[in-house]
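Sending over a structure as structure tokens; questions will come in a sec.
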Amino acid sequence: MSSNKVIKAAFESMMFTWGEPLDVKLAADVFGITSKEAYDIFNELKGEYDSQGRGIRIREINKAFQFVTSPDVYDYIERLCTPSKQKKLSQAALEVLAIIAYKQPVTRGEIEAVRGIKCERVLEGLENKNLIEEVGRSPGIGRPILYGTTDMFLRNFGFTSINELPDIDDIESVVHEQDEEGDSSQVTFNLSQGNMK
Amino acid sequence: MVYKVKLSTFEGPFDLLVHLIENARMSIYDIKVSEITDQYIQYIDQMKKQEIEVATEFIVLAAALIEIKSRMLLPRTISGEEVDELADPREALVERILEYKKFKNAAAAMEEAEKNNMRIFEKPQEDITCFLEKPDEYLKMDINQFVNSFNLFLRRKQKLEDIRKTYTRLERQKISEEQKIRYIRALLHNTTGGEITFADLLREDESRYNTAVTFSSILEMAKWNHIELSQKRNFGPIFIKAAGEEGVNA
Amino acid sequence: MSSNKVIKAAFESMMFTWGEPLDVKLAADVFGITSKEAYDIFNELKGEYDSQGRGIRIREINKAFQFVTSPDVYDYIERLCTPSKQKKLSQAALEVLAIIAYKQPVTRGEIEAVRGIKCERVLEGLENKNLIEEVGRSPGIGRPILYGTTDMFLRNFGFTSINELPDIDDIESVVHEQDEEGDSSQVTFNLSQGNMK
């Protein structure tokens, strides 16, 4: 049986080599330990990096762990280079994604009922970005497709698991501050009532 | 009063409606339907004027608003009994607006999460092709599969054995030594000169079994002095001749 | 002026993002410090990773620094990254293996008598896979090799002893008949005509 220290060192280099989130089960198998044991060791390691305020951190995505840079030192990385970034999602895509994230598994009909507008193309776009996926069929008429979010969604939004999404009923207060900021950045084409006649 | 309306593409009819309500600083729970409906229709007209394609869904909500507006004009209570049925016509609308707002807020929170997440970077996977080229081969053996395949083999074997046993029995029944002796005796009897060769006896069936039975039969007959055997040289033909009285009688 | 701790954290994430060896001069410029100062900080950081026995280390290549995995944990990375391929035994191999498992120790002649077909190559294959091994010599004519199953064979099924193999009732009867048949078919007629006078 390998010592805790050896396993931690191995997990570090395994995560580094793997790049992608490293599945706990996969890592556990290398040592012949249980997933639960491996999970605890990963979390211990993650805690060490956090408490030491390191420039690289460990993040969890749905029972998988990955080395990433600390957001605290973003400015320095940006000064060094311009790493390629994912494109931000459109407002429509964000709304549809939010409905899926909170209501999953959910049909297209249910999503459209909330927004009052069709969303076929938005769904297609989100599926192509691998942020949502079909998770089954509803037992209802026509057996419509049920959608759910993917691990890529968690990864792109920095959520550990779907349970970690902010409580939807508490969001309002958080968002109100946001809204003001949002308004200014959204300025597009301001019509006064006079113009509209 | 002068107020501003953003002429941007709204994410849907509810997005526009929520915007108008918030802009007018109205309570969602007490929407001034008449005022909002007018503004909503004005906005759609404006979009049309600007040659922005207006989705049908916007028109559908406009119609719904007009309907609510007209129902609001009806007296709310006629008699005490019917109050329940004549609930606030805005109720369903308010519910939908609240539901939409909930997810609009969630989308905003997610946008923030996305923005924060863009401040961190992953690294690509290291080059692991050197490992991929020599995969670990391991044997997939399942005990049931192991036993099943062996049982299958046993059954096949058993079947083969049964067939073979029947076949052997039939062959043995076909020619016994007694039958052979009777046959040889008859043959000698019917042969002029009363002499045949061993090869003559095998002309019809040269199988090892027949050869053995025939051979042991002539040995048996020789033992009882029923026939005389002679061979002129090693590996030469064996001559069989009826012996003694029997031969004479024949 | 940034604190030493912040610079170290930034260097970590810069090396992580950069991938290639990060030039000291380049890193120094981000903070407006001298290359000498940056070099010292890199070396200090490198020392920390070494002394803590981490699974990732910092290596210097000609005034440039780079994160690499620790050679101490190479074996684990190899185990993680090496894909495994399942191989299945052929029906013939399974049969021969079963005969050996149930009748061991057993000679090739006995196996061939049961199967009615040669099995030299199959035996070779099983031996190479370390599933069977020579366990001795039969006292019979020619002292043929006796085969038995290996520990690897048991491990494959998670057995600790050969007695854990499931019972197969018919095996004795079938194999027994087989033996008799083999005997009788071996009887040859040894009399030459010359002996007969």
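First chain written, first letter: the chains are A, B and C, and each begins at residue 1.
Simple rule for what comes next: a contact is a pair of C-beta atoms (placed from the backbone, for glycine too) under 8 Å apart; a residue touches a chain by one contact, two chains touch by 3 or more.
Just so it is clear, the model here is predicted, and its values are computed rather than measured.
In this assembly, the chain whose C-alpha centre lies farthest from chain A is C. Of all chains shown, B has the CA centroid lying nearest to the centroid of every protein CA atom. Distance between chain centres (mean CA atoms), chain A to chain B: 34 Å.
One simple way to say how far apart two chains are is to compare their mean CA positions; for chain B and chain C this gives 30 Å. Chain A and chain C have Cα centroids lying 38 Å from one another.
In chain B, the residues that touch at least two other chains are 121, 123-124, 126, 128. Shared contact sites, meaning residues of chain C that touch two or more other chains, fall at 13, 16-17, 69, 77, 81. Taken in their complex, chain C has these residues touching chain A: 5-6, 8-14, 16-18, 26-27, 30-31, 53-56, 67, 69-70, 72-73, 76-77, 79-81. The touching residues of chain B, when paired with chain A in their complex, are 1-8, 11-15, 42-43, 46, 55, 57, 60-61, 96, 99-100, 102-126, 128. Looking at the complex, you find that chain C touches chain B at residues 13, 16-17, 19, 69, 77-78, 81-89, 91, 94-95, 97-99, 102, 114-116, 129, 131, 156-157, 166, 168, 170-171, 174, 177-178, 181, 189, 191, 193-194, 196-197. Interface residues of chain B, counted against chain C in their complex, comprise 121, 123-124, 126, 128, 131-132, 134-141, 143, 145-147, 149-151, 153-154, 157-158, 160-161, 164, 208, 211-212, 215, 219, 229, 231, 234-235, 238.
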